[in-house]
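First, the structure itself, so that you have it in front of you.
Labels for the chains are A, B, C, D and E, by order of writing; each one numbers its residues from 1.
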């Protein structure tokens, strides 16, 4: 968008988000809402990633870094003149303590990401050295996540309701049930934020969100319901943008359970789904045919490998000798009914009766994730670089293929990104060929960005929303 | 009167006790695991167990209940499992939206129900009176969600007079905006509940019109309308008071739905969210607060009824 | 001050229930309206005051002091009600507003018609309460109807009707709902009050014995029509219409005959399959009726 | 005149019967025939305007709204009847316990009913939801329990009134046993009050289904239901305002029908009311979702 | 010469008074206190007294419809056990019929007249053509047989009381009890019913217990009178004696209150 006026440094940027964090303790509370709101804005790690540049790793609290050729030692140079929001200075000790705590304390989110780290040290005040037990090409990427965030050691702030980070914004106030207000941190080490204040306005209801946009209550609205796109466009003060994510709408088959342990049945189910029609019905997203999304290494367009073909599907079912197949789909009730409706209708067409069990998320965690008691399950796997789930036979997918597991291990162990990427692509192809699941769609949510807003980020806004560079034009 | 008040107070406390037990028990039988939810999807069983222990969820039921009630008596409903904030303070915070909303809705319901109920009874042989009663029947049948949607479409989307949803960030520091934000929600609940009240007031008025003492008053020299107004209506009022006790429950239920529709940060919306995230202490507190509210209003209504009705006042 | 009802007709929902009634109540007269249940007595009384129930329509003429009052607007009729014409209703349980003190209800017509202060109205209420022989009038005025007995309530109703000293009192079966012992007191009270104040009375009843105690004139109704009218004593002695005769006969059958001889009772109707018509003639006459009341 | 005839002779009664019959017939017909398969999605026919063959248009998945409405009537009937059965059993049990048993039990039940009546249906629903998750069963149990208490509260005094009536005493004096008295006099005389409440209770059930489905605690999304349809389509009211009218209208008409049927039943069931002034009719509002 | 059909001894019935205090001891008020009564076969006994004097309580106890706190009732020589099952009291039901005060309240509004009147036959398992018997009594009380299909609200007060009477005698009881059967009726109807009762007594040799607070009625119908006040019998004896030479002050007061017709 081309803002018409000069950027106004005193402006307030109001952004509509849908899912509110339940509390602000980012290390101990699950949910993408926290990462979206706080990482890069309030909290930072040594490095971060830029979703708009294909998730490239970019410097944050470290100015530069160096990986040893065996891929086991990472040496970071700590940035100078960084202060926390409470004014205290960032020291190498803060970094070491933060990482060490994250590694040692199992209740900290993503603690397992640091399991392979054997030592965390700071030889001098501006150097941090991390040593790994085995090479991991995703390690830097891991550090961009929660486990890599840096906190002020000895801090007494109540992190559940307040925050103390090093980012361009500090948490100003949190109006639970309504909004989270971030204010520009004037002591920020880098370029100061483009707006004085950011209000993250949590509006769960889609039509309410559009009403808010139409009403001028928000400058930017994330996750616009595509059905309502025209309404927003109609008023002329917004442009609708769509960005990529790593959010994979995954229809998981319980690979361990009959008859889904028969590949013909799985393939039959995949063939019964008209992905283009589904995307059209959803109104957003792109068809996705394999486990790796475009923003992740190892992506490859697999669209040719499987095409909508109900006749073939029925044949396959007949071959597999299943008749009057009845399956249950366990789906958390946070997702709109459209997906379930679509699947019921599609499977009915090939003679498979799909019963839908809508459960709340805790029940899903219990039944599907933990106890693996399900036939089909749908959830959106939003995490980036999560191909490892297919290499983990005890994951709820129940997919156990030694070849894929070995390919994945190799991909992590190499230090060559291209090689790693090729290995991953190969593994992904196998997973898709074996119809281990169906990837219904890749989410590409719509964002309504006010014409007065410039430099709003684009990709993966559901997990990262770096707002430092955003400016709002004066009226 | 004092004796009655005490007896009724005893009943209120008994009611609250029964409510607390029911709420507590029904929430303990849940299949989902809060600890798992808090620890996150990737947590190990040990982590989950640690979380569970830290939340006191591993204690026997009666200890948990005793602790809850003990806290309640000290004005402490525990802390939210998810946000870590005090439930009482969250309730107090959200009550600033819900209580005014309920009060406004009830006001609207009264303003709609009583005068129009009386008028439609008075004019029951005229077209206007019949029309009012037909409209009331229809409105009383409309789902609250639908009524809210229609009002939003008309007043916000088409006319643009009122905000379609939300509550000002400044809250009651910006009273005008806060009030504006509550107008449509209160109107929605108020009109639907008012329509039900109207049906009641109408028949109560019709009944009053046939009362002998209204005729007696007319025989003393009042016009028939004035006789109805000054002798019939106070008696209608008495029966309306008892109905209000039930109506308040309807208002509260309406508020839960309407807060959702209008994204108002009130107790109802918080409750819906907390039920989904299994935030036990909060759900418990919220349910108890809402039921308690209804019970207390019922108590007050009964007291008022006693006070203004001489027959009951004396029987105490 | 006289009331003239002529050719009064009332229909309810198109069905005629009072069908051309005429009678006069001259100043100071005490007229009894008598007839069996449903004959239209109450509706006639209500029509006079313009208090007919919804859906009832009256035609004909009702003149009060020569002025036509049937069909007057409610406001003008209201000015007459309670002031010129007072009315006492049948049911003492429901005729009083349960949530107003007795005093306020008695004083209300004074307040309406004489526009006095509330305090003055209450003072008058005490006076009226005393006049109808309510015990402890100063205290009883602050009571509520449910705190009174049936007889006391009926006295309150009478006090209400009399508070403005109307010229005409209409009493619609004021004692039917009461026990005999209490009925006697109320009837006596009514009669003395009316006599002392020199007002006219329309008294509705279906009980000839009660009528005989209170009224001087009687109008007998049947199916909404007048079948006979005249002096009460005359009527009782020599009824002309079959309706009156039947009424009289039936009344006698269930009536207390204080002086019936023991042998008459022994051969009484209780054993007589043909009823008791025979007994009527055997009832000795009684000259002085007044002694029967306490 | 029999009760049914009197009911039919009342304008409201006729309207109520017709609406309720229409809903039930639609539900039955939908078991065998709907214009389209109500579950069949058709991405190419999304948001069709009302026209042939989609007479009421289609929704966001291209499902035929007319067919969905027809099939949704099933859910409505199931919820209404289910809640009705739960409410009846509970209501009658409580009313019977509250009037036929020993004094202390009677009074305790009365107190319990007074307490429970303060629990709004939705709160009960939330409690049950927290235990079982949302589903149609939740709606049925919640409304059933909520309205059962209501029925008990209204039926109990009625039962006691009839119990102490002269005609029951006359029955005893004629030699009827308790059981005979119950079936000949008590039940037939309490039934009307109960049926009227039941009719209103079913109206509440239909409304509650809509409210709970909106909050996500109602029918599963794949089940055709007016409440689900309403809450699905309400999001698009700004762009496709017409679609949301249909489920709303269906709910409103059904509730109106049941309410009026209840009103009319009360009038018709009392053979004496026809002769009395209209003032003899009073109205007790339902506890509503 | 004649047997004593009903004999009550020391009949007492307390009612729990409305509680004065929420948790206070329940007090009791006497509805009936130590009443002795005997009714000879073929006689007509009138029970008079003001409202609340215990007349209805007495009737309920005599008919085993309520359990006395103390005292016994014997009907035709058998002791009435009000606690017994309905079946064990069938002998009593066969021997008695009752008409209540309010003719409307005592008829089930949802039953047609035929069923109402036939109910005792059905309940008491009385053999024979029940329909015919119902038609017969209906005609006996001056109604027509075709009225059996109609419902109570379609009748006038007098007719309703006839229906109640028909039900009371349909099973040919020896004793007819009326609990103020006339007070809701106007004079004309009252006289009709009384004539009817008189005829029935002649035709069926009924023994009559008539509760009333209307002395005139009792005087005209009964040969024995019982005067009650506050649950106690104040005076009893032959009608002429009690009514013409009352001994108790209360009886005198009662008699003096009654309006009479002049000659």
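Assume a contact is a pair of C-beta atoms (placed from the backbone, for glycine too) under 8 Å apart; a residue touches a chain by one contact, two chains touch by 3 or more.
Just so we're clear, the structure is a prediction, and the values are computed from it rather than from any experiment.
Steps from chain D to chain E, taking the shortest chain of touch contacts, total 1. By number of C-beta pairs in contact, B-D leads when B-D and A-D are compared.
Between chain C and chain E the centroid-to-centroid distance comes to 31 Å (mean Cα coordinates, whole Å). Separating the CA-averaged centres of chain A and chain B is a span of 40 Å. For the pair chain B and chain C, the distance between C-alpha centroids works out to 52 Å.
Counting partners per residue, chain A has 205, 211, 333, 360, 363 as the residues that reach two or more other chains.
Touching of two or more other chains is recorded for residues 133, 216, 234, 237-238, 277 of chain D.
Multi-chain contact residues, meaning those touching two or more other chains, occur in chain C at positions 53-54. Those residues of chain E whose C-beta lies close enough to touch chain D in the complex are 63, 65, 85-87, 89-90, 93-94, 96-98, 100-102, 105-111, 119-120, 123-124, 151, 153, 164, 167. The touching residues of chain A, when paired with chain B in their complex, are 22-23, 25, 29-31, 106-107, 109-110, 112, 160-161, 175-179, 181, 199, 201, 203-205, 208, 211-212, 214-215, 217, 333-334, 360-363, 365-366, 369-370. Here chain E touches chain C in the complex through residues 44, 50-51, 157, 182, 186-192, 194-195, 198-199, 201-203, 208, 213-217, 219-223, 239-241, 243-244, 253-263, going by the rule given at the top.
Across the interface of their complex, chain E is touched by residues 165-167, 169-178, 180, 184-185, 188-189, 270-272, 275 of chain D. Taken in their complex, chain C has these residues touching chain E: 36-37, 179-185, 187, 206-210, 212-213, 233, 236-237, 246-258, 260-262, 265-266, 268-273, 275-276, 279, 284-287, 289, 292-294.
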